[in-house]
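Presented sequentially are two complexes of chain A, the first with chain B as partner and the second with chain C.
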Partner chain A sequence: MPFGQLLVEGLAIGACYGLFATAVVIVYKTSEVVNFAQGEMAMFSSFVAFHILTVYQWPFWLAFVITMVFSILLGVLIEYLFLRPAKHPSILGMIVITLGAEMLLMGLAGWKWGAEQKFFSLPLNPSVTYEPVKGMIVTNWAIAVFAVASVIMLLLYVFFKYTKLGVAMRATQQNKHAAKIMGIRTERVFSIAWGFSSLIGAVAGMFFASRATLDPAFMMEPFLRAFAAAVLGGLMSIPGVIIGGGLMGLIENFFGFYWPSWKPIVAFIVIILVLCVRPSGLFAKHYVKKV
Partner chain B sequence: MDMKRDYYEDIRLFKSGVVLFWTIALLLFLFTLPLYAPNYHVYLLNIIMVHIILAVGLNILVGSTGQISLGHAGFFAIGAYGTALLMAKLQIPFVFAILAAAFIAAFFGFILGLPALRLEGPYLAIASLGFGLTIMHIIGGVDLFGGRMGVKVPPLDLGISQLGVAWVLKTDFQKYYLILIITILMVIGARNILKTRVGRSFVAIRDSDIAAEVIGVNLTVYKTLAFAVSAFYAGIAGGLFGFVLGFFDPFTFNMILSIIFLVMVVVGGLGTVSGGIMGACLITYLQYDLLKNIGEVPYFGAFMIDISQRWFTTVGLENFSSMAIGLIMIGIIIFEPLGMFGFWIRMKKYWMTWPF
Partner chain C sequence: MKFGKKMVISLFAALTVLTVASIAQAALPAGFDDNEIRIGQWGPQTGPAAPWGSVARGSKLLFDIVNEEGGIHGRKIKYFLRDDMYNPAQTVAVVKELVERQGVFAFVGGVGSATGMAVKDYLAANKIVWVSPSAADKEFTQPLNPYLFAQYPLYKDEASILAKYIVEKLKTKKIGMLYQNDAYGKDGLEGVKERLATYKMSLVAEIPVEPTEKDFASQILRLKNSGAETVLMYVSPTAAVITLKTAANLGFKPQWVSSNTLSDYPLMFKISGGLWEGVITGAFSESPDSKSPLMTKYRDAAKRLTPQERWGVFYYAGIAFADPLVEALKRVGRNLSTDALLKALNSFKDYQTIGPKVNWTEKQHQGTDSVQILKCGPGASYIMLQDWMTNDLATWKK
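Moving on, here comes the complex of A and B:
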């Protein structure tokens, strides 16, 4: 495979990782929880879209809108039912709650749709490709990923910069107690953050599902790679995460081309190396723990 | 409640004569249990005991030292593959093979402990998770380890084949006694570790690593030691697990297994040996017996099958165990963060002070 091809493919899958990592980062920034259930939330939303498309045979865009609404509700519900009642949980407690939500969703999806692999396709004609530069074939899928990722990034930027809710979210990130005193309902902000991240995750999940197959465990490895991307970018900044996602996609694609059998583990090696060398990520400011 | 008046009282294995009596009664019960339990249940008991060893070891790391590990399936796999391959390929006797495998696992635990010096909380969870998955993929990708096809475990020969002494344990019934003795030794070992200087250092690191460093605990030594000890336990457990199963492949040791191990510790109770034991018993029983055969439970099983047919798929009903365990995980953190050990303490307190 030529160099240009690997580059485009790597950047496209990297944009997907970046998109998904953004979902992780939004939750981590607001509530300091690493949401291990993120992948399974996206998986469940993709299954809902799949169900609407194949069982009810509704058109794609209607299914897409319903799935988006569903994913927001799912995120808010998980925050409201599982995280809010826990009184001052430790970090381990938070991790266990999100892992529990992951197991719950995975079991529910397996019960409802079975463990066999299903095909999920976006309304993109896979045979249409473009070749702007010789040896650099761009698929429809890649274009869709780039377009959706840039639109979401732009919307997020506008949202966090100019809307009242976005400013409230940033205030909650900076100092929860001060934000509360200023009249921001921080609990509601957490719920909204979960809803947002679930929505972005669901979009990314549908892209992953259309690239591979759909089964209850299909988001596990993409989640870990996206998390590696988030760690590369520092878990705290959204632009850093996008760059981290691109880097991750490129590393994985080039590595996977030369050593295909070791492709699955490259993400973990990257995570461990980055965490050893720069625990706070490549782009984040170093932060000092309070005693 | 239990006031400790001197150091000797703190390090004693049995708190009082009553505890000693009940412990001996429990041991007698355990040693005669296979005589009146059906054969399948002996197999289940073997798995439970293997998980007890692992949960006790993991509790030293997670509960007592406060380091999160989601990669214990990796150490478990190292123990299982190490023991099976050392015995099958190099004809090393069982005792030495399982010890060697456990020490290899402990060495890898030490390696994982090195990044843990700089990481904490969610970062450490992800790094250890990555470690576990890397081990799984490496084992699956190298032909020496049987690749994706898995490994058939050699017969469990306690004798030394080089000297012509053979003592092969064939049935679950025979393996039960071997595993029981090893489990008892490992549990006593864990309890004693926690009572020594090393154990107190672990607890100090959990409560505040900076304060621990200030009072003279060497963080580098003790954090990596906690990982190594915990991995040693996982290695021993893995070695025995291989013999219980008879055959395993890399996907036996997947990420879900690591999560289940963590659940055992959290559900049982963090930082106590008995908590690990209780959690391992409960979760293993639920996973391998009750929830696996949920359709055969009287009344409730029929109800579940009915729901499955109406709303879900009947083939997917086996996934109910994963759902139930997920709910248990969430519920235990919300309602009883101390786990089953917390229940036990509260019950004890209630009855000790009873009419008041």
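Moving on, here comes the complex of A and C:
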């Protein structure tokens, strides 16, 4: 068994799931809405990057910066246009709205860029690999995922712990009305959460696209896995979802090596088992529904 | 809850049966008149499977050429193309609309296995002729359906021919296979195993992947560990790209071999960032740059009539699929009827245009088992490795 290689591959794809799951969690943390459009928002942003790279042929760093700005605007806009106008929305109603946004984005991308798969690559030379231990190849892609995931985690930690806005976001999540009374502009908090989440999703989306192909439906499967990783980690805790993502990647790869036909479902079975024992996930602190 | 669901399903089934039954009784509009013959096709023009939908537009080109040349025995072809988004429920809806409202005489092509299965019995019940489904599924012709004529080589036959080529020409001893866990992949697996058994060989690894999976690292490592020198992949275009990218990253460089579904080299080359070079595939029609007179004629017509279309294998497969229907209509003459058309189709012997030779008899409607073997050269060029070859192990022929 190529233990080392499975470990590296499992952790790399796991970090990618974890990164994307973080995007899901940020929205969930502030508004308790599971954003089913998350995958398609990332898909749309990746297409914008693709468009800038292939049609305008601008350098990658510029395309990346523009895509990041675009993804923030996209997140803010979807929150502002679709979720905010809903009068007295129930959680379920909001989730259905995000499903609608998902369909809309997928349709738009199909109309603009077509359904045919596109080639998308990050400026990482695929032929350069590192072999620190024999039989354990580490690719540039894996290194980039680890690096980006770590930086984003660190920034989020600092943001939620030490900045005023971060504290305001946590307050909004814990009690929206109390937060409002304390002078927090909760609506603005929601906008910012959506913008953040969309940005992190777009980064993860580009990682996924460079591993496979870019097409309007390419984020559906990664979204499901990232969502499962988020549930495993507890939906509320950012370190939790990263660990959830890592576990997911490792379980999949190690089981998938011996029983390939079980690969797509084994992680979900583990999640169901975990949820039977710990209904709110491995790392959730809060699970009492507020009245 | 469970009971309720069951009720809904049975109610739905009952309603469907009733609707189909009542329609079968009603008189259908005639499929042709003195001036036109109405022909229909479904194919995804939007949605995830849209790249394959060019088949349906390719057929249109042939009908435009035929009409330009004056039609068939004084009748022009009126062509109806409907977008079913690769969704069987939509296929049923568009096919019914074409049959019952537009009065379509015959269908041609039609992308997809599941979509075709959804309308196969409806078409037969209404005595509508359907020529060349754009999918390889043995259930289209086994058991025999008198109104359905297939010419797409079965995946099992193609896989058997590819395996023979691998053993005899590439002379590889260690062969692995990566297959999609559905009828397409499993048929391919069966064909390969059947062929290898004749050499007393077996696969060193057979790894299934689910159609939607996006991470193949563990599967590729399994193949790498098995020491496979040649790997057959019966997967979707996206899965093939993930496979090649992952293998390249993990330093695994076998000879890749795949089915005709991945024979659109310019597309595969582009979406894999050039990794497709060197891959060997089967092919069910001549390569796009073929110099044969008929290919040249079609290619020139495409440049003139549909300059916006890419001259890709799936686009002109639509022509190859429609060729036999046009030929049969020509053979029937002015006195057109469904029975006359069936008779003409049932007498096809070694009929060949830009695809393999097609043979149809009253007892056998699987028209061919031949494929070519090609290799992707530099810049997505086509290199011919082996001309049309039939599968001597095909069981359905016996």
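In the analysis below, the second predicted complex is superposed on the first by the 273 of 291 C-alpha atoms of A that agree within 3 Å, B and C clash if a C-alpha of one lies under 4 Å from a C-alpha of the other, contacts with A are read in each partner's own complex, and residues count from 1 in each chain.
As a convention for this text, a residue touches a chain if its C-beta (ideal position, glycine included) is under 8 Å from a C-beta of that chain, and two chains touch if they have at least 3 such contacts.
This is a predicted model, so every value here is computed, not measured.
J.: Chain A superposed: clash or fit between chain B and chain C?
T.: With chain A as the common anchor, chain B and chain C collide in the superposed model.
J.: After the superposition on A, what does A:G100 contact: first (chain B), second (chain C), both or neither?
T.: Once the two structures are laid over each other on A, A:G100 reaches chain B alone.
J.: Does chain B (first) or chain C (second) touch A:T139, or do both, or does neither?
T.: It touches chain C, and chain B stays clear.
J.: Using the touch definition from the top, say if A:P85 reaches chain B (first), chain C (second), both or neither.
T.: A:P85 sits against chain B, while chain C stays out of touch.
J.: Taking the superposition as given, does A:M41 touch the first partner, chain B, the second, chain C, both, or neither?
T.: A:M41: touches no partner chain.
J.: Looking at the overlay, does A:L11 come into contact with chain B only (first), chain C only (second), both, or neither?
T.: In the superposition, A:L11 contacts neither chain B nor chain C.
J.: Under the stated touch criterion, which partner chain does A:M206 make contact with: chain B (first), chain C (second), both, or neither?
T.: A:M206: touches no partner chain.
J.: Given the touch rule stated above, what does A:G114 touch, chain B (first), chain C (second), both, or neither?
T.: A:G114 contacts both chain B and chain C.
J.: Given the touch rule stated above, what does A:S261 touch, chain B (first), chain C (second), both, or neither?
T.: So A:S261 meets both chain B and chain C here.
J.: Taking the superposition as given, does A:P222 touch the first partner, chain B, the second, chain C, both, or neither?
T.: second
J.: Which of these chain C stretches, 27-35, 63-71 or 117-125, gets into chain B when the structures are overlaid?
T.: So the stretch of chain C that bumps into chain B is 117-125.
J.: In the superposed view, which residues of chain A touch chain B and also chain C?
T.: Dual-contact residues (chain A): 110, 114-115, 216, 220, 261, 264.
J.: Using the touch definition from the top, list the residues of chain A that touch chain B in their complex.
T.: Chain A reaches chain B through residues 28, 34, 82, 85-86, 89-93, 95-97, 99-115, 216, 220, 224, 227-228, 231, 261-262, 264-265, 267-269, 271-272, 275-276, 279, 289, 291.
J.: Looking at the complex, which residues from chain B come into contact with chain A?
T.: 62, 68, 114-115, 118-123, 125-127, 129-131, 133-134, 137-138, 141, 208, 210-211, 255-256, 259, 262-263, 266, 270, 308, 311-313, 315-330, 332-334, 337
J.: Which part of chain C faces chain A closely enough to touch in the complex?
T.: Residue positions touching the partner: 44, 46-51, 181, 207-210, 212-215, 217-219, 221-222, 224-225, 237-238, 241-242, 245-246, 248-251, 267, 270-273.
J.: Quick check: in the complex, which residue numbers of chain A touch chain C?
T.: So the residues of chain A in touch with chain C come to 1-2, 5-6, 9-10, 13, 110, 114-119, 121, 126-127, 129, 137, 139, 141, 208, 211-213, 215-218, 220-222, 249, 252-254, 256-257, 260-261, 263-264.
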